[in-house]
Amino acid sequence: MIDLKTRPPLNVADRVRAIPVRQKYLPVTATAVLLALMYGLGVINYPGFSDTQIVLNVFVDNAFLLVVAVGMTFVILTGGIDLSVGSVVALTTMIVALLLENGWPAAVVLPVALLMGATIGFLMGLMIHYFDVQPFIATLAGMFLARGLCYVISTDSISIDNPFWVSVANAQLWFGGFFITISVLIALVVVLVAAYVLAYTTFGRDVYAVGGNPQSAMLMGLRVGRTRIAVYTISGLCSALGGVVLSFYMLSGYGLHASGMELDAIAAVVIGGTLLTGGSGYLFGTVLGVLVLGLIQTIITFQGDLSSWWTKIFIGMFLFVFIVLQRAVTRRRR
Amino acid sequence: MSEPLLVMRGIGKRFPGVVALDGVDLRLYPGEVHALMGENGAGKSTLIKVLTGAYHHDQGEITLGGESVAFAGPHQAQQAGISTVYQEINLCPNLSVAENVLIGRAPTRFGRIRWSAVRRRAEELLDRLHLKIDVGSDLGTHSIAVQQMVAIARALDVDAKVLVLDEPTSSLDASEVDQLFGVMRGLKEEGIAILFVTHFLDQVYEIADRMTVLRNGRRVGEYRTADLSQLDLVGAMIGKELAALEDIEEAPRREVAALERGTPVVSADGLGRNGAIAPFSLAIHKGEVVGLAGLLGSGRTEVARLLFGADHADQGKIAVDGEPVALRGPQSAMRQKIAYCPENRRTDGLVEELTVRENIILALQADRGWARPVPRTRQDELVARYVKALDIRPADPEIPVRNLSGGNQQKVLLARWLITEPKLMILDEPTRGIDVGAKAEIQKLVVELSDGGMAVLFISAELEEVLRLSHKVAVLRDRKLVAELDNTDGLDTDRVMAAIASGGVA
Amino acid sequence: MNVVRHRLFWPVAMLVALLLSNLFFTPDFFSIEVRDGHLFGSLIDILRQGAPLMLVALGMTLVIATSGIDLSVGAVVAISGAMACQQIAGLDDQGAVGGVLVAVALALALSAGLGAWNGFLVSVVGIQPIIATLILMVAGRGVAQVITDGQIVNVNSPPYKTIAAGFLFGIPVPVIIAAGVVALVAVVIRRSAFGMLLESVGGNAGASRLAGIRSRRLIIIAYVVCAVCAGVAGLMVSSTVSSADGNNNGLLIELDAILAVVIGGTSLLGGRFSIAGTVIGALLIKTLDTTVYTIGIPPEVALLFKAVVVVILCLVQSPAFRAKFARRQPAEVTA
Amino acid sequence: ACGGEGSRNSGGGAAAGKDDGKIVMGFSQVGAESGWRTANTKSVQDSAREAGIELKFSDAQQKQENQIKAIRTFISQKVDIIAFSPVVESGWDTVLKEAKDAGIPVILTDRAVDSPDKTLYKTFIGSDFVVEGTKAGEWVKKEFASAAGPVNMVELQGNTGAAPAIDRKEGFASVLGSDPKFKMLASQPGDFTRVKGKEVMEAFLRANKDIDLLYAHNDDMGLGAIEAIEAAGKKPGVDIKIVTVDAVKDGMQALADGKINFIVECSPLLGPQLMELAKKVVAGETVPERVLTEETTFTQEQAKAALPDRKY
């Protein structure tokens, strides 16, 4: 009989296997390279673009999107989708503004807002897991619900003048002539925590497993239900936190805030190389995806002579070129 | 004997339209290997899924260590000490091998997974099965056989009282089966109860102490292996005395001389694909069965896929009936009347939510294009013919193929390609997971097809089967075609093994 | 018993319930009157107003069957209307049937081209459908406005007006068009092998390839049909008010369309699809809108109302939910 | 000082043509959601060209956060002056403070902000939506003064939550809300669009047999509603009186044709006034805190007279 141990090393096979390992990082790498190219394009074409503050502004202006996209990454990694995020962001700003207006202390308002977001996410998770409602639909209902609640609270915008909120909103952290805001710090912390959770905790790995094949994950004895409910809860929580960050950014609550943000968040995650079918992707990619979207906007503003409709076409073209190039780089032979 | 560790009593389970289990009893004692036997669709996998809570049963009771249990899901079953390898490999292809072995119970410190420990532990476990692969690689990049081993390694890691193995050996070759049995014997000694499903009767007699036989969702009986002859076992499974078993055992070896080798139906000349298979040349003639032998991962599937155009060859030529052709994809291969039954029926073969009829008709229809539908009456006629010929059960062509048992799904796949009446049929592990009776049928079918002039490329992990059916055996090793052996009197499993081992003719 | 088990029982029940609730507020809700030989009435309104959504949802069904999704349908609605109206506005005689037909043909050809573009990105370039079609969703409204130079283009063309406001045999033309397209697509799909092959590709793309299905072609066709359906819807929408508004026509129709498809029992994961289900889904959504107006639900809670209906519908349709809460006698089974 | 052409490539400073004497204005527009808005954009662009002001135009695609981003980018580009149309009143303090710190003056157009700190912007030029609603209400009150009542009214609102929708509703109600003679039968959003306006009006007509007056928050919805009224076999402007806001060309045409009875103007043509103010502000002159757009109202006769020179 043949002893498998004495097999000579699989030379060809070894080589074959060496590639896939790196291939995992290919989408993220491609995004990073293309992002750098895009930045270069801006620097060459527009005076003043090379200013470091421009890059920092992309973070300042997109901190809330980043926070929301982190939650979305969890959901998409399990193969789901969350359309409710934009509305939950809006609802959060609304609730924050309402409670502050009624004189609630900031220390109470903050947890209440976060809890509200997590609860909505949790309920959608229950619907998806226990009642087998498709994520797209369950979260679409969540989207209607949250947006609807905003209008029930008020159709008008409510401004925030709570001193704590105002001081956080206006605080600028200066270093060497450049500044970021507290919101940027919050976003970065969220990113780091989430990246750690995904890479190093049992829960994080369950997320990937469920995305790889939920049926298998169930049979492997993983708690699929708990994981799925948890990711929607996390997404709800991140949306609420994103809403809080947005309320720092806008100092107001308004039912029309963050309209369409779900698509921005999904686009950011996917541009970052995460597959919508789940199971594959990295949080770092999501950060890059948000930067790509932010940079597109900056370039268009710098361009400064586009009509409203050409603006739309340009955004579309940027997305197109970006995604096709990314695709070309990562395409696998078969 | 001591008290049974696990008792299932009066288990009933219905699916829409089918009674999969009807009052089934099962007893498992500590320190025994217990075989669960039955034809395709008898209810074995269903019973296992009921046991582990993957399905909820309608009737009956389960006790473990004397206590009544009802698991809400595999997670709870695992917690209670039941470790399971399911029939269709259920792992996550997107995760690394190491993670697949350990996910759900990876060692942590302060909530942080210790990745180095995970890798080490996975390597140890795979080592027990003598599998040396890079545990950091993605599981999905490995062949089914390797995945199967990984699934087993995963089950072995648990501190289990009961180990359930649903057809773990279906894609393993002889030496791997040996490794597995070695491990199973060790576990048995430790007092673990093992429930084992296989369609290989020899394996049952080699390893099992007792067995429970199912037929049509009912328990036929519980036997000591020593008390039941192979023939009686088959009789119990099938429900009648059957000579089929002897038929296969005594089937005459294929006569090479009887074959006229004119222009090959399909010939490959220096065909190869970088990183997948080294350039090889192979000719398959009208009415000839060519067997592919090799260890797992040796590149048999790669050969098949290149010949079908499923993968793109980056060197070499293919000729059909002597005419050079370019295979740009499965469609162009089908134009040349080449058919391919893939080994992984779930991912590469079936469309699970389509019906049996639709799955059978699929390739024929694809070939005609969407605008020229196969008339319904013709569909029904063709499908009925093959459902009958292959004895597909249940014989209702309008149920989703998902609801069929593994073996019957395999037959559906075969039927799909048979109705296209190919010149060359490539069968990649067509008998995996098929019961004795059906296996005999399929082997008979291969003989009939080749007698009728069809060329067949036959891939199987069972060397005996390859030798029994093939006129010629091509031997692969490490993704290289190393030998081509005519199936003359002198050829036996030992010589093929030797060829595999040495990389040439012994 | 068997009726209750039917896939479409719950959507239909919900539809009936909504209609009945209207009756409660508007006693003559069900009355259909004949005026000048034309049918009028709330039910007719729902059918007529629902026609564009029905068409868009129909196309969406095919795309979803391939396990794709098309977010760009709203933009295509806008582009098609813009193209047609811009074309007609440039005619010397806007009442000329020939000129209007040319405009319509141009608009639909353009829609088909956009669908082919989406299909190309998805099946040839291999971009995930949601992102591939997001590109056109974003850029498409811009394109529509470029066509009309950012203006709302008015037309004064009786033939064009007919598309949305005309009557044939007393039945509103849009209803006839929608029914015709639905019937045509349904027949072509079920009579040919298109539907089955589509379901196969959506159910298991890898296996379909190995079975020799040319999935690229099928997928492109699905996106083209979807875009053409959206194009026809775009004609209807712009014809209702004889003007094309590139920025607002078809706004958010993609969400309603997807919702209609899913309510109708087609899974977003692809594979099996139901055209009848989609039609019912679309009618249900349109009835929901009408109900909000007729029973006077305040705008602030209208969305909430919609959310509640969607949730209830999802739950009653979920077998898991019914098993838990509406426990009925165990299913009878025959071997 | 030197020619405008060279400044781009002259490198060095981050300023986009800072020292060439030409004023650079960053203008952040909300979007292009209606014909009104498009006319507004065009007016700003055209008058900038005429006034010799270099315009950096940015479209926010209907999102406040995009407007804030654009303003922040303008600040880093070191433009001379920033102008923008905030759709929402609140939420501008932070970024306006940044502009102020950078020494860049800001002009608000179209809509005010609710900031208590009036030093954050130089001036606000635009219409008052509440006043528009009031004007509409007052016309209705006069028109039906001799009617016995009750006067049955329906209302087509703008997008739920949009400022003009809220204010026009409020202004209208402030005049008629307390008068029992006027009954608001139904009020639903028509999203400022013709298609939606028609659809909602159809439902109104089915549910309410007897409607005397339609108040639409803009012309477009009114135009859609006219189609619905005609399809229902009634005469718009006669059987059902119609009052709308905006006075865009298509609306004026309908008014002249007798299908609309009264339009309250909401002029999008802020451009010339804006450029004038901008020059003054950059030159350091003082400007009034509030500049109202020159706006009027139109009856059917006035519409006929004004129609020939209506540009948008």
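Quick notes
Just so it is clear, A, B, C and D label the chains in written order, and each chain counts residues from 1 on its own.
What we mean here is this: a contact is a pair of C-beta atoms (placed from the backbone, for glycine too) under 8 Å apart; a residue touches a chain by one contact, two chains touch by 3 or more.
Chain by chain, the UniProt names read as follows: A, C = Simple sugar transport system permease protein; B = Simple sugar transport system ATP-binding protein.
Predicted model, so just to flag it, every value in this text is computed and none were measured.
Contacts with chain B and chain D are shared by A, C. The chain pair with the larger count of C-beta pairs in contact, out of C-D and A-D, is A-D.
For the pair chain A and chain C, the distance between C-alpha centroids works out to 30 Å. Centres computed as Cα averages put chain A at a distance of 34 Å from chain D. Put simply, the C-alpha centre of chain B and that of chain C have 45 angstrom between them.
Of all residues in chain C, those touching 2 or more other chains are 145, 150, 299-300, 302, listed in ascending order. The residues of chain D that reach two or more other chains are 31-32, 38, 41, 160, listed in rising order.
Within chain B, no positions touching two or more other chains are listed.
Chains touching one another, given as pairs, are A-B, A-C, A-D, B-C, C-D. Within the complex, the chain A residues that touch chain D are 47-48, 51, 53-54, 57, 60-61, 64, 150-151, 155-161, 166, 169-170, 246, 249-252, 254-260, 294, 297-298, 300-302, 304-309, 311-312.
On the side of chain B, the complex with chain A involves touching residues 52, 54, 73-75, 77-79, 84, 86, 90-95, 99, 103-104, 106, 108, 111-113, 115, 130-132, 134, 136-138, 141, 154, 174-176, 178-179, 275-276, 278, 295, 297, 311-312, 478-479, 497, 500-501.
Across the complex, chain B meets chain C through its residues 14, 16-19, 58, 308, 310, 329-331, 333-334, 340, 342, 347-354, 358, 361-363, 365-374, 416. By the touch rule above, chain A contacts chain B in their complex via residues 1-5, 7-8, 10-17, 19-21, 24, 200-202, 205-206, 208-209, 211-213, 215-223, 279-280, 333-334. Within the complex, the chain C residues that touch chain A are 71, 121, 125-128, 130-132, 134-146, 150, 246, 255, 258-259, 262, 267-269, 299-308, 310-311, 314-315, 318-321, 324.
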